[in-house]
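Chain naming follows the written order as A, B, C, D and E, and within any one chain the residues start at number 1.
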């Protein structure tokens, strides 16, 4: 099975999208960095394996493991029942708080205040799915292909609200001090898990063990805090 | 065909005075002068490359001359401020290659200019198209496209197209070289009828029999110069050895 | 995230540009060979060969290159054929470029006037002699400008190889953009680099076009 | 390989795919229409004897043809926004595609203009037609007829290339596909389906152009020359 | 020019029997029959569209006939299994439009087929090119490209190209219509020399003087049929009113 193959090869191939900050990105020296990158590095170190990043885009994360071009995915995969039909998930190693953030000057307390406002979102993210399913709330969505474009839309004034993680919402004000965004409505907290192709129970088991250990010893929380600025939810850490 | 000629009866309809024209280093017209009076048919002959086509093209201002003077129907062709379209309403030209518009039917080819330039009605133009096509023996080809016609038929259609503009002078550049003797004869009759009606014509041709039959005057060009000129009779009794050689070896 | 553009970023873009050039060359070479075969198939005396090649061209010209890349790289393994990213990108570009060049070249061959074919036939030249000695030399003149012109499209289209994991010019720009969040700046730089790669080729294409008379065919992509 | 293809999940989303395909067609239609107008004007401009006019048209064509469409779309979308002009994503996408395809059609139509034999124009000049009349009757229609196959291909390519506008939130076919595949993680099924839809769209477009050709080129209709 | 004729002395070199050919609804050849014996010069005349070019093209199998039989130098042209290249080694054809290869010099145009098809050496082919070009008066144009020549010169080069293959039959389709009388005379001499050397020829021409001078036999085509046939004398004393009209109105 796959776990044996990995151990025999002494190398693990991890699919990570390097264009979704702050989980996967490049630092000023163009070294991979981000919470998913450090998580992957921690895993490889703990298991004594050489680490190879497989560059993916959002659309090719899953096919990469399905066709054995990567062993596992550590790339902000949030768990949904629909997706669980296609690949297996480990237990959650992190969580992502999704919010709708708006321009500071916008009065918005709850969903009804967002009616009629254009909300920018990255296409195909769980935020997108969640908001798309809220048919009765009459939200207007503008979907962009990635976070950078979405942020630029907000920075340049194409949109006054965004649905994303709190971390990214804060970036807007950094880019353009005259347009400071703040979280207005919480969408949900999503569990992020490692993706493994179907039918590899041994590997999933071993990954689950590793996640539990590192949640308990606080290492995963530390990585998360470093990049997202907040701690993981209390119930995950215990 | 109704012709209203405005040119004063004394002045020639076409006049070239000492015309020079070079293509790069190649001197094609080297001081060419001749005149064509109203109602006259002038035939230009000469061996290949002697500058006949070029002379014709200069008359209709398709080429600018280097020096000299050309006047056609009171238009000073050599004048840079010439009203080109006015000149070309008075001058009809038919080329060696027929240049029918391939995307238009024969009728559309013929009615295009009368409708667009003279502004006559579509119906009137179509009636006229039928007439000029009948003149060249093509009345049944009204709704065909050029590529559906044989070479000879295309050339006749091109002549008809020019006639439809009722020009004051017609220039023909080897228009009969694709026609068989029968059609050449027909066109000859058409052209004779035109001449009788007062049409002035300048034509380049290689067919000496045709030249003899139609020419009021013959201009023999040789190396860019008018080498010999005179009535059609010079074709049978040439004065210069060059012309003698040119016609002697022919028919 | 954050930070500002530095020399490393530019190096990274330069490295991406190298991949863009490399992939373009692969596409041109593979596609050139494929295109030549397609062009010959399209004018083959055999009806079946003509139909099949026409179907191929229709199919490929109707499918975005992105989808071809995706299906080659991830689709073939499902049939038990494993391909490396380079093989997948090379194969996809060959398939894609071949269809377009094949059409350009077929058009060029057919635009040699019919009387030329007949004159060659009348001299008892064999089919291959007619092709090689009379038709192709004339077709090459007609085909060169649109072919060179199409190279510009190949260069721009290699950006889609990011789907199989290549970090070429466009993808490296995207990655940098996602750490700097400066799309305006980054994409302008990318535009300038693409322009620098493409414009000389466009110039050559135009020169050729002027020398060999008007091009009857030209094809491009966005 | 443990992949079991399951198209049912994807087919369930057909209304979304239909909407996306329609939007793709709308974008292609608008850009084709306006792009043709720009192409004709641009080609006339490029052949203009006025050096500034032909230079400007040249710069337009070269800058568009030598840079990726994506960049052009970003520049229009964010550029307009930073000038304080807000348009819908659809309007911006249509505008960017029009500007893009206009440059290509300019080149194609110019090549068509250049391919009209000198003798044709001389014949028209000899008939005293004005410059505009010559352009319209003798140059433009035969030129467009000549390059019609290239134009058709260019517009089909434009339709395929319109997928990039998903980047600025136009909900066309590729955008729908991206959304569906990230929602279901069924990338193969989605891409195969989307490939089929694109092929159908391009066949529909080619058929449409063929029919249009029969209408606007009566000679082709009469003589049965294939377009 | 050295001719080795393999055909049995009794059989004609070219024979058409009841040949029918239509383009769609248009019947172009309607039961055409004629024969050309060895060394004979047959001139095809008739008005534009009467099917002369088509008949010539059928002989060299550029068009397939609908019914009837054509035999050329013992090749059964109407046979679907015909060896086309063998046929065309025996038949030379020169078209109305010259069809020189624009990317090759005149010399290369002429040497192409002898080298490629007959496999003779480059040097020999070049020597031969010089000879045939001299025959048509173009020895100085060896290294020019076709576009550098005038129309008349191009046509002569095309004739030279065909001569270089030393065919057994030559087909000419209005080869002189672009030539002036002087050059027509030269070509006439070339063709006479060929005839004296035993060359069999079929030519379409509109020039009656030329036809009278060269023809052993004249075939007058009218509406797709052979309407009248006989020696060159029929051009001066036609038997049918149609031929009378055809030649009568001409020169």
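The rule is simple: a residue touches a chain if its C-beta (ideal position, glycine included) is under 8 Å from a C-beta of that chain, and two chains touch if they have at least 3 such contacts.
Chain identities (UniProt): B, E = ABC-type polar amino acid transport system, ATPase component.
These numbers come from a predicted model, not from an experiment.
K.L.:
Using each chain's Cα centroid, which is most distant from the centroid of chain C?
P.N.:
B
K.L.:
What is the distance, in whole Å, between the centres of chain B and chain C, each centre taken as the mean of its C-alpha atoms?
P.N.:
Taking the mean C-alpha position of each chain, the two centres sit 51 Å apart.
K.L.:
When the centre of a chain is set as the mean of its C-alpha atoms, what distance in Å lies between chain A and chain C?
P.N.:
Once rounded, the distance between the two centres reads 36 Å.
K.L.:
Return the distance between the CA-based centres of chain A and chain B, expressed in whole Å.
P.N.:
83
K.L.:
Of all residues in chain D, which are in touch with two or more distinct other chains?
P.N.:
Where chain D meets two or more other chains at a single residue, that happens at 1, 3, 74, 78, 82, 187-188.
K.L.:
What residues in chain A touch two or more of the other chains?
P.N.:
59-60, 63, 66-68, 149, 152
K.L.:
Among all the chains shown, which pairs meet the touch rule set out at the top?
P.N.:
Touching chain pairs, listed by label, are A-C, A-D, B-D, B-E, C-D, C-E.
K.L.:
Within their complex, state which residues of chain E touch chain B.
P.N.:
For chain E paired with chain B, touching residues are 45-49, 96, 150-153, 174, 177-186, 206-210, 245-247, 249-251.
K.L.:
Would you tell me which residues of chain D are touching chain B in their complex?
P.N.:
Those residues of chain D that touch chain B are 117, 119-120, 122-130, 133, 137-138, 141-142, 145, 217, 219, 222-223.
K.L.:
Would you tell me which residues of chain D are touching chain A in their complex?
P.N.:
Residues in contact with chain A: 1-3, 6, 9, 74, 77-78, 81-82, 84, 86, 89, 166-169, 171, 175, 178-179, 181-188.
K.L.:
Which of the residues in chain C end up touching chain E in this complex?
P.N.:
Those residues of chain C that touch chain E are 115-116, 118-126, 129, 133-134, 137-138, 141.
K.L.:
Per the contact definition, I'd like the list of chain C residues that touch chain D in the complex.
P.N.:
Touching chain D: residues 58-59, 61-64, 66-67, 70-71, 74-75, 77-78, 80, 103, 107, 152, 156, 159, 170, 183-184, 187-188, 190-191, 194-195, 198-199, 202, 209, 213-222 of chain C.
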